[in-house]
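Next up: some structures, all given as structure tokens.
The same subunit A turns up in both complexes below, where it pairs with subunit B and then with subunit C.
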Partner chain A sequence: MPDTGGGRSYAWWHETVIAVLLVIVLQFAGWLVPGFLKLQSQLLLSRQLWEFAILALGMTLIIITGGIDLSVGSTMGLSAVVFGGVHSSSGSLMAASLACLATGLCCGAVNGALVSRLRLHPLIVTLATFAAYRGIAEGWSQGHSYSRFGDAFSDLARGSWLGVPLPGAIFVLMATGFAVFLSKTPYGRFLYAIGHNERAAKFSGISVNRIRFWLYTTSGLLAGLASLIYVARFDTAQADVGKGFELDVITAVVLGGTSIYGGRGTIPGTMLGLLLIHETRLLVSRYWGSDELRSIVIGCLLIVAVLACQLVSRKRRS
Partner chain B sequence: MSNSQTLTVDHDSRPVCFSTRFFRLIRQREAGLLLLISLTSVVVGIHDVRFFSVDVWRDILVRCAPTAIVACGVMLVVVTGEIDISVGSLMALLAAVMGRMLSEQEFDISCWIGIPVTLGLGTLIGVFTGSLVSMGRVPSIIVTLGLLTALRGLTTLMMGGKNIDRLPEGLTQVAKQGFLGVPISILAAAGVIGLTSVLIHHIPLGRRLYALGSSAESARMAGLSEVRLKLFAFGYTGFLTALATIVDVPRLPKIESGIGSEFELLVVTCVVVGGVAISGGQGRLIGVLLAVVLMTMIRPALTFMDIGEAGEKWTRAIQGMFILLAVVSDSLFSWRQRHSGKVHAA
Partner chain C sequence: MNRFVCFCLASLAIALAVPGCTNNSPSRTAETSGENSKAPAGSRKIRVALLPKIKGISYFSSCYKGAEEAANELGIELIYDGPTDGDPRKQAEMIEQWTIDGVDVICVAPNAPDVVAGAMKEARAAGIAVITWDADGTNESRSFFVNQASAQSIGEGLVNAMLKDLGPATEGDVVIISADATSANQNAWIETMKPALARSKLKLATIKYPGENASNALADGRDVISKYPDLKGIFGISTVSFPGAAEAVEQSGKSGQVLVTGLSTPNDMKKFVHTGTVRSVVLWNTVDLGYLTIHVAKALATREIKDGTTTIKAGRLGEKSIVGDNVMLGDIMVFTKDNIDQFDF
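== the complex of A and B ==
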């Protein structure tokens, strides 16, 4: 049952609900945990956010077209192993980083080719490559973990630029680019057209297959980049990098108002979704000190948010 | 590519009457899977003939059992056009509940109460999922994604960082040795498969699930209740997950909170590889079961290939390759069937 979007009057209302929720959570947090809202501590704690955030950009575009990419976590794992392997054999950080990004790109391109050329359902394709990429990473690395990449490299994750963490700066630049692409360029609008009605999009001359191919390839490349940042942050590269990330990223994107059936979603919405999840996590783990509670809260948040949206939009329509 | 084509295409290269060709087309997926299974067994068997012993296959079937049980339920969910990716976390939660109830160190409740309660809880959570999907109109992938996270957290909370051991002697004995020499999980799986098969082929309810999946609109016009059918499909999956937990978990030395992680993806993979259309309305039980066997036999097969530790690490890669082989060959085949102008069903 696709979300038909409805009138202009409430086009942004999902984002509004999430923003209000976010403000409530922040208020609540500031009241419970003194010093929680200070910019300094927020920036310090934001380090865990950036890999997710980068993956979420690509995922938003894919879900807008009605697809899904379950393989991003596994792609991160494979890219990390390639990074470690190349670094330990050649000793060059530059070569290793390029290999890492190239691996992500190739993984994404394989997904894209299977989805667009063979017209397989994205869920099936990425379920297969989810197993395959992780499997190749595990088989190739044999459980070995690479580390000691040097301080210069860990600056990629730990360094800062004008007071903003470097990965954060990268993310903000990319997010701006993606948001402009999505809302201002014809190709961005094509994505919504594909998500609403793929057939109609095709008949109106949009090269659906080519766009799909490039979307999955981009998602793979972003996974490579996320993997690079992750490896820099922990200074270890092993096969289980990014395990379980795919579901968290999808949670953030859907929470941010992107319709899982396609045709609806925005980059600012995704950023709100990411922030809401991030702040909730921080609050729960800071105040109650419990990681288990965290996942319960986020799981319920996802279901309740989407349920509330469905109920309200149904009432509006009738 | 050419390899995968020969896997499936050579069966109907001869010109035959339409109905025969039609049945062959339907059986394509099963034939391909059977071929993959036998090929794998032959390759491993040539390497080490002990692979064909009864014990090995008994072990493989025991490993298959929980996946097969749950896959029967998830298959029906997918047939109605929905999806359930929460079964792994549900399994963990039920294992924790059951463990805490039955363990001699915890509440030490009798099995006669504990097991029905576990089954009931599983069904209840399944029905709850179904009600969110059918009445709340939340997409099933989102509901079950949320539950996947939430139930896993609940499990860890319930276990309180400890493992549960010392389940009652009787239960572990039955689970390990089984009944008349047949492991209890295999018996349970056989029962569930029989039940599901009867449900699909001989009871109107089963046909209605397929009808709902192939066209919700027509099903509604024919007077079928979408809500009730979906409640049933999800409730049945919950019940089967509880059953799988009860027969499988007592075999393990202890219950950890990580039980069943990524089980949901394995089950969905088996359902999809078995030829059930993700858009609903079609799929055969036998294909799903063959896919379960294929996915499960890879690890035991690799241990027989005599490449030691290194081999087992490749399990997942080979799994992924088999999935790709199955779906790609299928798509190449169906591509030639319909003319290439058609947009794939989203």
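== the complex of A and C ==
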């Protein structure tokens, strides 16, 4: 059941549990791997986080309204292929980047239109577009991969500004915007209302459909941006970009305390969830150096976190 | 909200500060990092990271065997890790991690040169020696390439093996089943195979790119068998596509009519050689490739070789020549029914 503490009486217990877990993981990691907590290496390795983090912002808003977007990974793939195609035919990075973002926006708008106009369930809609967008990307590119976009472009992912990685700076700016939108503006509060009780929200005059449409469109645009950063990081655009990202992003959002039933969740919570997953991954691959162990540990972590949160919430209620 | 923010900041501060202090305590360093610890420079072990294209397939496992042998000989700490699915982006992330860990040498077998080039250049900028082995990367991303055999000798070796097994006067179609369209090795071999095939009476009908994926290779094999009725031979030029193509021929009941030749490890191909589907397996000595790679890594770490060096002493392999920036292992080996059982890798 969703927690009922909206507005000023928002209960932070879930986020607190995740923060404590994060501290434990970091302590443990610092003890196991010498130099794990060095700021320099943390900043460098944070590269593996930013694409997920950007996707997670849109996903948090959508899940708060009780929806879901499974198509973000495929949208990234399609945007990447469009980027590569436009770049190879026009030679212009600017045109390619704009086309990449526009593709993301359009993919999201299609999702939004299907969800809000045709009243289809978001799970079904995005499951369908999850397959469709990837299929279009694969069909269009024919397995071809585009690369060599130049050093200046790869700085988008690899460069830094005053020691802060560029994608990290982009993310922090956006996260602040999203957090303020969610907690301080009426439209942000409407999202919680929709997630709690869509019908009640509609009868109290909230234009649920319009909000839904814009949410999915935003999520698509963010996927386009994430795709751009991902392509810059590996200097390669191909159809399999972003494969499997949707599940990792949803994991982070749920871990961060957003209720999968809607009505509850925060941007700081999502950021904590992202960090917890990211640090755990780094720990596993730096200590055990094993690629296959990662997913097992993340799965276990999710269960531990959810159990811990339930325990705390039960104690608080009784 | 305020309480929460305070809590988060406080906990982060603790997390960053406490291990930061204990980091310097010598007892803990010795206990947790063991031989990784930064002992005085002279006595410190050289750390070499060896990155295969795919971890766990027999080809790279046999290279690792040779690498381990050399590491024991030279007293080197060897780290061997790679993606289990051959994803070049995971390779790039591993290189980034080793850069931060501060290993001395990174030896990369890139799956896609462009994808890992950024990470390799960063490693070099951080003062780490980077070489490629098995497959070459982009020029500026590495100092040396440990070359198992020239593209010329492999491409022509493959075509010659096929011609010898079919009979030089045979006419008909042949196809090549490669790896990825971006695989640098395979593309270089195909370039040398084309003129060699043009001189023969065989016609190259098509080239397939199943990736490093066994079931795709099998499907592509079946596909070409049904599509080209006059098919005489299939070249499976990766260690994944070769057994895949041979399996497809056997499943279609064309064993003996469609001949399969290619590059793979003897262990993977023994059963096909004994059934007669495959008559020649072309490869180099993979154990020696791993062995030589570690010797080159050691020589770089101790500054024994640099730009312009023309030979390197490589333990039991003796002296190997360096052509430009390519360290040459030597020539190809052809395994047939008569000798394949003598090799175990």
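Heads up, the rule we're going with is that the second predicted complex is superposed on the first by the 300 of 318 C-alpha atoms of A that agree within 3 Å, B and C clash if a C-alpha of one lies under 4 Å from a C-alpha of the other, contacts with A are read in each partner's own complex, and residues count from 1 in each chain.
By definition in this document, a contact is a pair of C-beta atoms (placed from the backbone, for glycine too) under 8 Å apart; a residue touches a chain by one contact, two chains touch by 3 or more.
Quantities reported herein were computed from a predicted structural model and do not represent experimental measurements.
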item: First, second, both or neither for A:Arg189, with subunit B first and subunit C second; value: neither
item: First, second, both or neither for A:Gly139, with subunit B first and subunit C second; value: first
item: First (subunit B), second (subunit C), both or neither touched by A:Val306; value: first
item: Chain touching more of subunit A, residue-wise (subunit B, subunit C); value: B
item: Contacts of A:Ala128 with subunit B and subunit C, given as first, second, both or neither; value: first
item: Contacts of A:Ile296 with subunit B and subunit C, given as first, second, both or neither; value: first
item: Subunit B/subunit C common contact set on subunit A; value: 143, 290-292
item: In the complex with subunit C, residue positions of subunit A that touch it; value: 10, 12, 15-16, 19-20, 22-23, 26-27, 30-37, 39, 41, 44-45, 47-48, 143-145, 147-148, 154, 158, 233-236, 268, 272, 285-286, 289-292
item: Complex contact set, residues of subunit A against subunit B; value: 1, 66, 70, 114, 118-121, 123-125, 127-136, 138-139, 142-143, 198-199, 202, 208, 247, 250-251, 254, 260-262, 290-303, 306-307, 310-311, 314
item: Residue numbers on subunit B that touch subunit A, as the complex places them; value: 83, 132, 136-139, 141-143, 145-154, 156-157, 265, 268-269, 272, 278-279, 309-310, 313-321, 323-324, 327-328, 331-332, 335, 343-346
item: Touching residues on subunit C, where the partner in the complex is subunit A; value: 1, 3-5, 7-8, 11-12, 14-16, 18-20, 22-23, 28-29, 32-33, 36-37, 55, 79, 81-84, 88-90, 92-94, 96-97, 99-101, 112, 114-115, 117-118, 122, 181-182, 209
